[in-house]
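The chains carry the letters A, B, C and D, assigned in the order they are written, with residues numbered from 1 in each.
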């Protein structure tokens, strides 16, 4: 059993059965491109969500007549809390202009509210947005604090959408993965079925099962590898396309939808490993059927 | 050339080559399930969008000191316009409670605005939300009208999201469709390749090309049909699953995401036609390769 | 019936094949094609059946010029010719009955005719009772006889038999030779490639000998070896 | 070397196969296996090679009990046995050289040894110059000779030859018979199924005749037909 023999054998077989090889490679490439793109999009959504989450803010409204020490106390409290990532004080002038912007469509309303009636507040960003209610509770009773607006229902909605869509996309990726595996096994099975006579002749001249299997295994491995490398190329292209579209058409909603090269790398590794695994296992299992006789 | 001969021939071949037949059927089923699901989701998004669009409203704010005849004139105008689907007058009391709800988080602001400062308005729904700016322009100068709030940027955002996602999903469906076609052709090619000897023997005993091709064509047709029927079943199941999830988990955001039985029927017809077409054409083309010699 | 005029055919690899062969075989003749292994007998048969085309020269079979024949006409041409291939070429997916019946289905014979003819011919070659078997369930000689039955069944004008007795025992071989003779007497031209000196010597029919692709001998009422 | 004890084997369809066969073949013997087409010669060969298992009875080959042999041992067992199959069973994806070399690669012979042995054996069967061809580029007789070369090349203990001259002309046949005799003289037992009465009659070796699956005659220094 020399390595040279198996290498030679495998390359001859790949070439002599190139129609079959190409079919297998194509199948791997197409199926894994789909799986990879789905995985990539899932990661994009995850990134976008944590980006959105980063924007979640707690607004601590202060009473108009808050005293300096009370203000200091609130600020000290914000400073000491480890769950608070950062905060900023919004003075009356800015709060008023924010208010005007918010109600720009109803000028009558805006005119009805004097600047003095607009409260000042702290804009607080949290380490983990899910902790917003707890942090809000700390300040709610505090002297000088009017009310705490955790736009929590907004967070909740975004988190729900994100979770649902991540689950759905992951589900799609899994369905695609299973489909890919079945499709690849299918095409390998059919390809090897047409070589069953060859296998039986090998057995008849005294080749052991391992000796027969190894070249088929290597063939499957190489087909899986080549197919998944093509798929990897497609996934990279898809990533570029998405990034380009987001920038070019300035779909601001999707600004958070950044695909990091880490995500990409992870996806590519997953794809290539799956391709090699399915190729190898598929051909090994397919050959074994004709070895049992 | 009797019909009986071809029917017998086809059924024998399907059975004697059942591994290949199953592989082809599986491939058709899996690929077309993906295509069908994508099509279905695209239609769901389209339905949801038109549902959302139906909720788009034009708010015609009236001046606090509007006179009765002026009010009548505005109402008459609304009544006469064919682009207006419906409208309702919102009196001060209701407008004020709407306002309170809107600013529930800022009680100071709410307290600062007296009920008398809140304007009354007409809530107008349009036949085609895209016409909102044009309709708005009609009322803007009119006596007694303060301002017109077409929440047009919201419509715009929703339409953009919807269009983008419909395009993306349609793109995915097309990619899946092309992938499906390639995968199916692939598996058929490989399956028929392993029967090339059979084809050459037929030629040698004087069978015409048509005589050889017809059973292969019928085989492909039946494989495509069976595969796409399975895919149709999967698509129906996907539809049920989506409907169930939306109701069960009360994902209100997706309330408009209704899949009509018309959409479903259309999708199923498309799938089955594609399956039959690809199966038939695929096997015909694949056999032809071995007929040229 | 069959006319070869200065026919040459060489395969891409090496110089093998046949070169500069001319002969004519008349209606109802019986001809033995002999020669050492690899001399070109099967190549000649393939040329007569238009399985391959010659490089140069012209071939006429059953009144048709095989060199200029468009490929869509080939199937119709082949229906006049029964061929027993050296490697049998049975359809592995069809039973014995179906394999033989196929030659009749191809030319559009009605079901009833087929169900009457096929069992008859299977009996003639000694395969009655094995008609439901598939080729891989038959012995070598039995497969050969299926091939013979298929070539006979549509009463061809010309019968090309490439070593039809190679896998048969002497008794069965003589049975097949009797059959070939009977077919020949009905006016069918028979061309048979063979290595069986005994058969050639006792039949005393026309012998064409090929030697390394060249026509070496064409003898009426010939024998296998010159020295015999 | 080979011992059959009351061996029976019937195929699922019909009653064919062999029944109640007993015989013993010693080291270095040369045995002809004869019988009409379909009598069971190939079935016996397949039993000796453990391609199939008997229904009842026991078979010993090269000191091994084939009935109880676990299937993972079969490949190692087969390396002691050279087989020439009636239908050649060449690997279509390998050239002539590779087909023959494969039998040596399987038993792990070094490259150098292979490159020295294979051309030698190909020359012996008259295929020098055709080693780069693929099976479908060979005449019937040439394919048969490749099969013969493959069976010889690893100097087996036992050689099973199923009609090894079926597609060969008389001269080449005699060449193959000489080869078989030489191999036999080195101590290899040879079992050869054949329909060639001339060869059997002039070699005068042991003859085992099978008739419809039963042992009909076992004769030292026998002839093909009883009456000859």
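General observations
Keep in mind that, in the parts below, a contact is a pair of C-beta atoms (placed from the backbone, for glycine too) under 8 Å apart; a residue touches a chain by one contact, two chains touch by 3 or more.
Quick caveat: nothing in here was measured; it's all calculated off a predicted structure.
Counting steps between touching chains, the shortest path from chain B to chain D takes 2. When every chain is reduced to the mean of its CA atoms, the largest separation from chain A belongs to C.
Distance between chain A and chain D, defined via averaged C-alpha coordinates, is recorded as 63 Å. Remark: chain A and chain B have CA centroids separated by 24 Å (rounded to whole angstrom). Each chain gets one centre point, the mean of its Cα atoms, and the points for chain A and chain C are 68 Å apart. We define each chain's centre as the mean of its Cα atoms; on that basis chain C and chain D are separated by 28 Å. Annotation for chain C: no residues touch 2 or more other chains. Multi-chain contact residues of chain B, defined as those touching 2 or more other chains: none present. A ring topology is adopted by the chain contact network, closed into one cycle in which each chain touches exactly two others.
Pairs of chains that satisfy the touch definition comprise A-B, A-D, B-C, C-D. On chain B, the positions that touch chain C within their shared complex are 1-2, 4-5, 12-13, 16-17, 198, 201-209, 211. Across the interface of their complex, chain A is touched by residues 19-20, 23, 26-27, 30-31, 33-34, 59, 61, 64, 99, 105-109, 111-114, 117-119, 146-147, 149, 157, 160-161, 164, 175-176, 179, 182-183, 186-187, 189-191, 193-194, 251, 253 of chain B. Contacts from chain D toward chain A in the complex involve residues 49, 51, 72, 74-79, 81, 83, 85, 89-94, 98, 102-103, 105-108, 111, 150.
Residue ranges on chain C touching chain D, taken from their complex, read 11, 13-14, 34-38, 41-42, 86-87, 129-130, 132-133, 137-142, 144-145, 162-163, 166-173, 195, 197-198, 224-225.
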